[in-house]
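What follows is a group of structures, each given as structure tokens.
After this come two complexes, each holding chain A, first together with chain B and then together with chain C.
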Partner chain A sequence: MTGEARQYFRGAPDELLVRPLEGLTLIYHRPSGVTHIVDSPVPEILSQLDAEPCPASTLLARLARQYELEDGEGALDPLVAHLETLCEVGLARAVEPEAKG
Partner chain B sequence: MKHQLTLAIGPAIFRIGSAWRAPIDALRRLYASYPRPEEGAIADFTVRLEPAGRGRRWWRPSVRIAGDHMLPEAAPMALRHGLLAAEMGMNLQMALGWRRHLLIHASSVEKDGRALVMAGESGSGKSTLAALLGQRGWRLMGDEFALLDFVTGAIHPFPRLISLKNQAIGVMRAEVGDGGRFGPLMAGTPKGDIAHLVPSPDAVAKMKEAAPPALLLFPRFGLPAEMRPIGEGETFMHLTQASTNYVACGERAFHALHDFVTRVPTVAMDFSSGEEAEAMIADLWREQAR
Partner chain C sequence: MDERGHERKGMDCDADIGAEHGATEHGVGATRRKLLLGGGLAAATAVVSIRPALANTAASVLNCQIPVPDPAKGSGQMISADGKLVPHGTKGAFPASGRPFSGEEVKAALRGGKSLPGTSYEQNRAYLNYIRRLQNGTSGFTCYASLQMPR
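Our next item is the complex of A and B:
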């Protein structure tokens, strides 16, 4: 199973506390009590995650629309890598397509 | 325990017990000017100075620091360093057990109703600078821990005895005329030569008066004079590392530290002497303190 086939979603709406910090972003993850200091594009990616799981390609399309990205195709692998990292630290969640619903 | 003393330092009350008389007598003398805890007040922490093993009360007496919170691998100390052991025991209780404020490993001084907070590694000069400024028109609030209020964002004092190390002892002996404010010189401790200094009467009298933070400094002693601003992200990271209870205090610590970092200007300051640092701080205070 490749990362691209997985579908990504966010946790409960109040799970993360997000605060700007002079070009960076502070995120407090309530379930773990861990504070993350992150740089772009992590906040942008998190802002596009929904409660409903969707593939990385859908997220990429949303990001491209929102931020007027030009090289959409080339950004898919880096996006998947970011999403997998976010899942590892608990800031995002993922399901396999067959497990959905 | 056989010998006991209860001390109030800032918002914290300690009960200190010792198998030996000498450390308690030394504490009693050095903390004589501090307000006594209210009758019936319950101690926040207990510190015990115990013999490090059977027979070690008399034979090459060796002190083990015990209390509500302990480090299992802490090495025993010689009885002649018993005062240091008591002070280390109190610091340990604060570092591991305090939850009423965000505890930042930093010194702090106050002027014009606002606080200057100085953070940095051990040996950065933050403690000596606080001691020096405390003699030169600032109110010493603490040389070890700055207590950040979760609600108001103010800094609360914790003016325990100032722990002077190595060269700082001579610097402060030259600065403070009153020899009675110094504790005994403890040579060859695990931290080098140590002598304690009683904060000025003003610092003790105002030990419950908090002040809003106006400037955060990261001093570094032993380098040519230089200053550079530090970004909010870097400051936040440094302060989480400098706090012993950031994780334990959870979400309120996150909010308090974010507010602090976004409100308080932060500067890294290299300096090579106390005089130089004092002049640099005076300029910074005039130009940057909010």
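Our next item is the complex of A and C:
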């Protein structure tokens, strides 16, 4: 059960209130009442999440289309690490893929 | 890959989140901004979370309940392996839980410590996927949301 196999998505759009602040971004998570102060690349990653779960590799492809990624080949692992962190604090969600394809 | 599908989704996301960042700060400019995903920093250092002092106490969080599924929305339905509500009799799906789970039980299961009480390995995974998919307005959502632990 690796993070790479998980599929990531976001909750309802109105769950999050997002405001830029002095180069950082404040994200208020309405359901939990928690405010998160995040730095790049978190807002960029969140903006790629959709209501429909998709694997990290798809999110990476979306990011690569929009940004010039500086990580080269090694971008997937740090992306998965960020996504897992975001799931832990409730800003993103993940489902385990079905056991059989 | 569905090229058009991704484009559409990307635009939706921009409307939801990107627009609020301010176009100059995080939006897509004429030239593509550089983005560093790794940078040698642990992912956790990019997020600092602040829980309000007046939030519910930890005790009430752990005693809240999450029915699987919401009786108002999933009566007579089953839970698929990926956590969706499916019609009764769907192959590979699991029946509704006989009782709601407490916040404490769900928290322990989400952390991978122990399965939800009375569930098999696959059933536990299906139920947790259902819980992860909970939306606002569904019974158990507020309980699930309050389980998110800021660092």
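The rule we apply is simple: the second predicted complex is superposed on the first by the 95 of 101 C-alpha atoms of A that agree within 3 Å, B and C clash if a C-alpha of one lies under 4 Å from a C-alpha of the other, contacts with A are read in each partner's own complex, and residues count from 1 in each chain.
Note that in this section a residue touches a chain if its C-beta (ideal position, glycine included) is under 8 Å from a C-beta of that chain, and two chains touch if they have at least 3 such contacts.
Computed from a prediction, not measured in an experiment: that's the story for all the values here.
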Superposition-derived comparison: chain B or chain C, residues of chain A touched: C
First, second, both or neither for A:33, with chain B first and chain C second: both
Partner chain(s) touched by A:48 [first = chain B, second = chain C, both, neither]: second
Touched partner set for A:75, first chain B, second chain C, both or neither: second
First (chain B), second (chain C), both or neither touched by A:62: second
Which superposed partner A:97 touches (first chain B, second chain C, both, neither): second
First, second, both or neither for A:19, with chain B first and chain C second: both
On chain A, positions contacted by chain B and by chain C: 17, 19, 33, 35, 37
Of chain A, residues touching chain C in the complex: 11-20, 25, 29, 31-50, 52-53, 58, 61-63, 65-71, 74-75, 77-79, 81-82, 84-86, 88-91, 93-99
Sites on chain A touched by chain B in the complex: 17, 19, 21-24, 26, 28, 30, 33, 35, 37
Chain B to chain A touching residues, read off their complex: 231-233, 236-237, 240, 246-247, 250-251, 254-255, 258, 261-262
Contact set on chain C toward chain A in their complex: 1, 6, 9-10, 12-14, 16-18, 20-22, 25-26, 28, 32-39, 42-44, 46-52, 55, 80-83, 122, 125, 128-129, 132-133, 135-136, 141-142, 145-146, 148-151
